[in-house]
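Two complexes follow with subunit A in common, the first pairing it with subunit B and the second with subunit C.
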Partner chain A sequence: MRKSIYVLSFIIFSIFSVNIMVYAQDAPEVSEKGKEVYEESCAHCHGVEGRGDGSAAKNLLPQPRDFTGGIYKIRSTAGGELPTDKDLFDIISKGMPGSSMPEWESALSADERWEVVAYIKTFYEGFKENESPPIEISLEGKIPYSEESVEIGKFFYAQFACFECHGNVGRGDGTSAPTLQDEWGFKSWPANLAQSWNFRGGSSTEDIYKRFIGGIAGSAMPMFEDASFGLSVEEAQRYGQLENKVEMTDAEDEEFNSLDEKMGNAYDILDMMTEGLADEEQKQLHAEAMKVFQEKSWHIANYVKSLAPEKRPEPAIGKNALRSQYTVDTLPTIDDAAWETLEASYFPLVGQIVVEPRQFNPTIDSVNVKSFYNDTEVAFLFIWDDRTNNTEEMEDEDLGKTFEDAIAIQFPVKIPEDPTAPKPYFLWGGKKAVYLWQWKASAADTVTELTAKGITKAEVQEVQGDLQAEGKYTDGQYRLWIKRALKTDDKKDLQIEPGEFVPIAFSVWDGANGDVDTKRVISSWYSFVLEPVPSSKRFIYPPLVALLSLGILVGLRGFVQRRNT
Partner chain B sequence: MKTKMLVCFALLLACGFGLIVFADDHEEEEMNKLVFSKEAYKPVAVNNGGKISGIVKFEGKVPEKKKIAINKDPKVCDVVEKFDESLVVGEDMALKNTIVYLMDITQGKEFDKDAKVELDQKECRFNPHVQIIPVGTALTVLNNDKATHNVHIFGTKKNRTSINKQQTKNRKRMKLASAKAAEGPVEVKCDIHGWMKAWVAYVPHPYFAVTNEKGEFTLENVPPGEYKLGYWHETCGNNNKEPVVVTIAAGGEVKQDFTLKIKK
Partner chain C sequence: MRKPSLFTICLVIFIACWIFLRFIVGSVISVPIPNSVIVMYMALILIAILVHISVEDSRLSEFLRPIIETLVDENKRVRRIVLVVLIPLFVLGYTYTNIAQKASPPGDPRDAHPSPPLELTYKDEVLENTENPYRHLKKDDPEEFKSHVENGRKVYYDNCFYCHGDHLDGQGHFANALNPLPANFQDPGIIPNFQESFFFWRISKGGPGLPKEGTPWNSAMPIWEDHLEKDEIWDVILFLSEYTGYSYREVGH
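And now, the complex of A and B:
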């Protein structure tokens, strides 16, 4: 509608040409360049009129933003405020990981990005009417990262009740998680805090701090104003301790009540501030309590920071390939501490979008795998995060139809001669067959062997080998332990030799996300190897290789020098 | 910006293009809202004002009451049975939670300064389900539960982006910043307990009522004159397109009942 006003006004103004100059000066924010960039790069998702209804929007979750509502998730500003121009510029530049919003740093110049910022602001009246700049979140009083701070942060993570949505250890598996929706009525899941590379707005401690101080507008994630306002860190911890006591002595009761009263008074002052009614003394008290609130919040940010690795792990290829470790002992069972000594290999997953029904909005990021073997057997530990434990098909009030969670681990039936030889088609094979281990959440101790010649052409093997399995679900995470003999009599099975690179791939189903049959998350082929047993040979080879490479280097240098002269 | 629009507007009229271009493509969204006069409301002393009252009833098959499944904090939340409140029909088909108001009044009595503007959270239910908030007044949200809630007031397209504030069990009262402009009704939700839903409307004048269990409403101390009487109901819609016109004499009393159906 607004566009038509401009177009029409332009025609009219052309008629009353005297006014053209005035118009041009009055409307600096409607940049032609910004509009051009927008219509070329953004409109197919965000819609020509900014309503989030572009032609490509249909299957996307979260949906491309409707800019006419002025709701922005990633802000450096307080709850209820609009973002700054810099916020918009940054999010457009960096994109929003974990959603389909791309980064534009590489495709658009900084100039073009600033122009498009100005243009998307024209979709919402509120930007024009804002007389004062938005209130920014103060980043003062940052507490450096330390084990101690993380420990305190853990307490406040609980007291602020982050766990309601994000779960006890932050995997996004809180008891409210399955019921959450965004403001536009679409399903939305709380972030898995252990996978900070999927955060929309960055994973620095400051980013995390801003997200919960200001809230993530449009989502279920609220802004926070302390859960023990007016109490110091120690008092707040004491309050928490007393609160959880089944029986309190009279002295404790009194202590608790006095802390409770102190907190009540501080909240009253906070309300006075909200209404602009606080006097000087109250303002002073408020400022002091705010300082402590900031302190608690930095501890929380440090705790959240501690939950994820600094960066997304490297996928399990090349030097990161899954290497099963030899042990002379019996292989460890699922809860054995021996697993802690191994670093997991990371297998990223993506939605299956080749065959109908497809998964455009995957909820499972990856599978992490560890493995040990001995002279006769190999054991694997497969670990993946899933926010809900679904063991049967059912009709869920919030999620609609849900299915059983499951995983399938895929190998070729025949190991290719060499790593470059063609493997079976990655979607459960084709002409070349694949061999599968399938596990379902309803039968935690059973793995079924399948042979498949296509994603819909899997058959349960008639002879089921001697596979042992145990699966467990805790705090938003599945752990599946599988043990098998290295060699079997079944021709359809995989025979595993130390030192041989074996292709491996995964399919995972999150039943709560509607995953069933071909609708699932998958990986392409990776490989694993039984790391050869250290033998005397090892001590001969490395020096030999070193000598050889040295020789080649010297030779090369000579060659280059000769060419240059 | 505003002045530019105004200039455009005047010119358009002058050129005889009329208002056609102003027809909103997203009329429907707007149609779910209340109607306010463009003119700013002026509080004046009202002597010998009249009274408008009536009963709102529901017509049609009353859907079966939908019991809410409590899947969270049962000790706090599952104390009494709770039902979906999007359509509450009482005895004699009385329709609760309908807003009845004057659309076009521009001057009249002042807001009752002492009236409490509170939204209670108790046993994981918002009370009241539909609430009127004067523009410029802060809403006080109470937490009478030993559970953590979050108060999520959805954004309105025009004046305000969304507000969503955590209210842990330690915080018994929480003021929310007042609204600057009239708008709504907008949805209120506690995301932590997803079934907790309510509605608030930010209004510029005091001639608003919400029907009780008996479907009754009363607007008191209305200056004599002719007004458009509007209604809004979450499930039954509104009469924005064809409001009822009422004429009220000094000290007079007008009765106006409504019968609403589920909106298509």
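And now, the complex of A and C:
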């Protein structure tokens, strides 16, 4: 009841939030050279006429940019503005991580890239008409990263309803995530904020701040809205606190009303500003409210920054191979704190584009794996982010046909005897068979053992029941726990010895992305090993060898002395 | 200045050679040399030094003099004690790190390039002519040739660029999940070393078509004859060389 109508009536006003800055036109005059480079390097995706309809475009999501609309996602300019030349140059140079736009720094000279910028601008009339330079977002008043700032940011992340799309802990799993589309009606998923390496416009705090303030044009990410406009950081927090109270004392009621009123006044002033009716005092008040709004945004940027590791983890190759840790205890269950002590191995996944139907636009980035073993059993924890929890095949209002989420973990039936022996084909085997553990979201406690001799040639094993499993979905993340005996009686199962490297590979299905059967994300072969208990030899041999070397030195001295006499 | 002893000279040469092989070669001159090769080179250098000092008795005794002095002379006491402590400590550390080292997974010992089969086939059809049927158009009909290259470009961007990349450098946006990485056509060691028929074979038969020798290939390359027409494969082969500027090895060379 007491929910302020102002919270609901979000108003877009980021145009006011930026300071006008002097800006230089950087791109050179349009030249034949720019056209040439564009047609050689860009046109196969963006189209000869810049409509984003090159021959490769049909399989790409996000779609290649249509330059004729003047809508650019990654800008350093305010909402509704065109990008600066430098913005276009930077995107071409650095590419857009997580999309199919690569960096061009390594392939084109800086001059060539500038020529392309000039040429791309010719596709949109607005660049010519626009005589005043675009308004850039000011980075003044940046709040440095700190635990306190992250905490405050977390509050505003909730108050500004970021979670509706990006989810409670930022994995892009908000309730509206499945409904979002871009300007052109293509499916657009909110960013998984825990995977900063896929942020299209970069993952520095400044980058994040700019995406907030300026919005991501053409996508579902709006220009930024202040849900507690006119209130200071402390007042906004207090307001949130009171708002959630079931019963308020009279004093609290009064306090709440006064905050509510303050917010109302700020919105009134905003209206006056938009209509150009504000007097000096009101302008002053508005400027103050804007400043606080920027402060809140910096806190949110710091919070978002805190959600992801600094860099994409190293893939589980070589020394990063998946190593199962030995324990004398019973193996931990799915929610055991013991898992937190292990560093996960990171297995990047990509779309399966070998066999029809193929997946050109995967939504699952990777699977992270941890493992413990003891004298008789081995336990795994598989963790992967998926924005939606799909437990059955169905017709979704927004997504069309969706399927069940699933994962399959693949091993060879027979471990290659030596490193030079060929492994089965990485796509579920071929002449050589693979052994699979398949888990589906509808049966969280069941893992099925399969044997396969090809991606479409999998058979459920007759003998089942060697595996214990438990799967959970929380906040955009699956966690699957599987436990098995090291040795089984079934000859079609994998038999595992400590110290022996076992090839391992993955298939994951995101039902919301249309993944089913061969349409899925996959990895190639990696290695997993039950890390042998460190040998006690390491305490015996080195001192012995050191003593021996000492002995040789002493002996040598004795020998020389004797010879000299 | 006192002339350095023969022992010091030999030691300096030995260490300098090691630094050269281990660090200079890898970063400045070419690619890093495998450790086993460095050990072989160092053994040869050691033998050369030993031969040099043992040619004359006087040289040998000059070489041994600082060693013997360090071992017994009264005025070299400090140096002796330092060495007696340092050498066993070094040995201790070295053996410990070697024993306690984590096992590393099997590498991928493979030939750089597989040998192609005797016959060039597309599906089951044997191709009598193993040359690119459109290659001659470059001279005979440049316009027609250009349209084949353009078609090759289309085939490439519809199918190949996910892994082999926009720059044809094996760094496509799907490449990061693959091990080994997709072929890099910008590498000067790739296109100029092979005939077009070799490329036709690798594209049409993919990873599963690799020979039994030299395994494990671990190639994720699909069998493209299942998806592409014969002409499309020849066209994409034209595109690869036109885009990178490299020419294939000619037949008969």
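The rule is simple: the second predicted complex is superposed on the first by the 502 of 565 C-alpha atoms of A that agree within 3 Å, B and C clash if a C-alpha of one lies under 4 Å from a C-alpha of the other, contacts with A are read in each partner's own complex, and residues count from 1 in each chain.
In this text, contacts are C-beta pairs under 8 Å (C-beta built on N, C-alpha and C of every residue); 3 or more make two chains touch, one makes a residue touch a chain.
Since we're looking at a predicted model, the values are computed, not measured.
Asks: Can A:406 be said to touch subunit B (first), subunit C (second), both, or neither?
Replies: The answer is neither, since A:406 touches no partner chain.
Asks: Once chain A of both complexes is superposed, is A:532 in touch with subunit B (first), subunit C (second), both, or neither?
Replies: In the superposed model, A:532 contacts subunit C only, not subunit B.
Asks: Scan A:422 for contacts with subunit B and subunit C and give back first, second, both or neither.
Replies: In the superposed model, A:422 contacts subunit C only, not subunit B.
Asks: Which of the two partners, first being subunit B and second being subunit C, lies in contact with A:217: first, second, both, or neither?
Replies: Only subunit B; A:217 stays clear of subunit C.
Asks: Looking at A:143, would you say it contacts subunit B, subunit C, both, or neither? Reply first, second, both or neither.
Replies: After superposing on A, A:143 lies clear of both subunit B and subunit C.
Asks: Regarding the shared-chain residue A:68, is it in contact with subunit B (first), subunit C (second), both, or neither?
Replies: Only subunit B; A:68 stays clear of subunit C.
Asks: Is A:433 touching anything from subunit B or subunit C once the two structures are fitted on A? First, second, both or neither.
Replies: A:433 sits against neither subunit B nor subunit C.
Asks: Mind sorting out which residues of subunit A both subunit B and subunit C touch, each in its own complex?
Replies: After superposing on chain A, no subunit A residue contacts both subunit B and subunit C.
Asks: Along subunit A, where are the residues that touch subunit C in the complex?
Replies: Result: residues 41, 44-45, 54-56, 59, 99-100, 102, 106-107, 315, 317-319, 321, 323, 347-351, 353-355, 360, 416, 418-423, 425-427, 430, 499, 501, 522-527, 529, 531-532, 534-535, 537-538, 541-543, 545-547, 549-550, 553-554, 556-557, 560-561, 564 of subunit A touch subunit C.
Asks: Which of the residues in subunit A come into contact with subunit B in the complex?
Replies: Residues 1, 4-5, 8-9, 12-13, 15-16, 19, 23, 26-27, 29, 51, 68-72, 79-82, 125-126, 128, 159-161, 164-165, 175-176, 179-181, 183, 215, 217-225, 227-229, 239, 263-264, 267-268, 270-271, 274-275, 397-398.
Asks: Under the definition above, what is the set of subunit C residues touching subunit A in their complex?
Replies: Result: residues 68, 71-72, 80, 83-84, 87-89, 91-93, 95-96, 99-100, 102-109, 153-154, 157-159, 161-162, 165-167, 169, 171-174, 176-179, 207-208, 212, 215-218, 220, 222-223 of subunit C touch subunit A.
Asks: Which residues of subunit B touch subunit A in their complex?
Replies: So the residues of subunit B touching subunit A come out as 1-5, 7-8, 11-12, 15, 17, 21-26, 69, 71-72, 138, 140, 148, 150-152, 154-155, 157-166, 168-178, 191-194.
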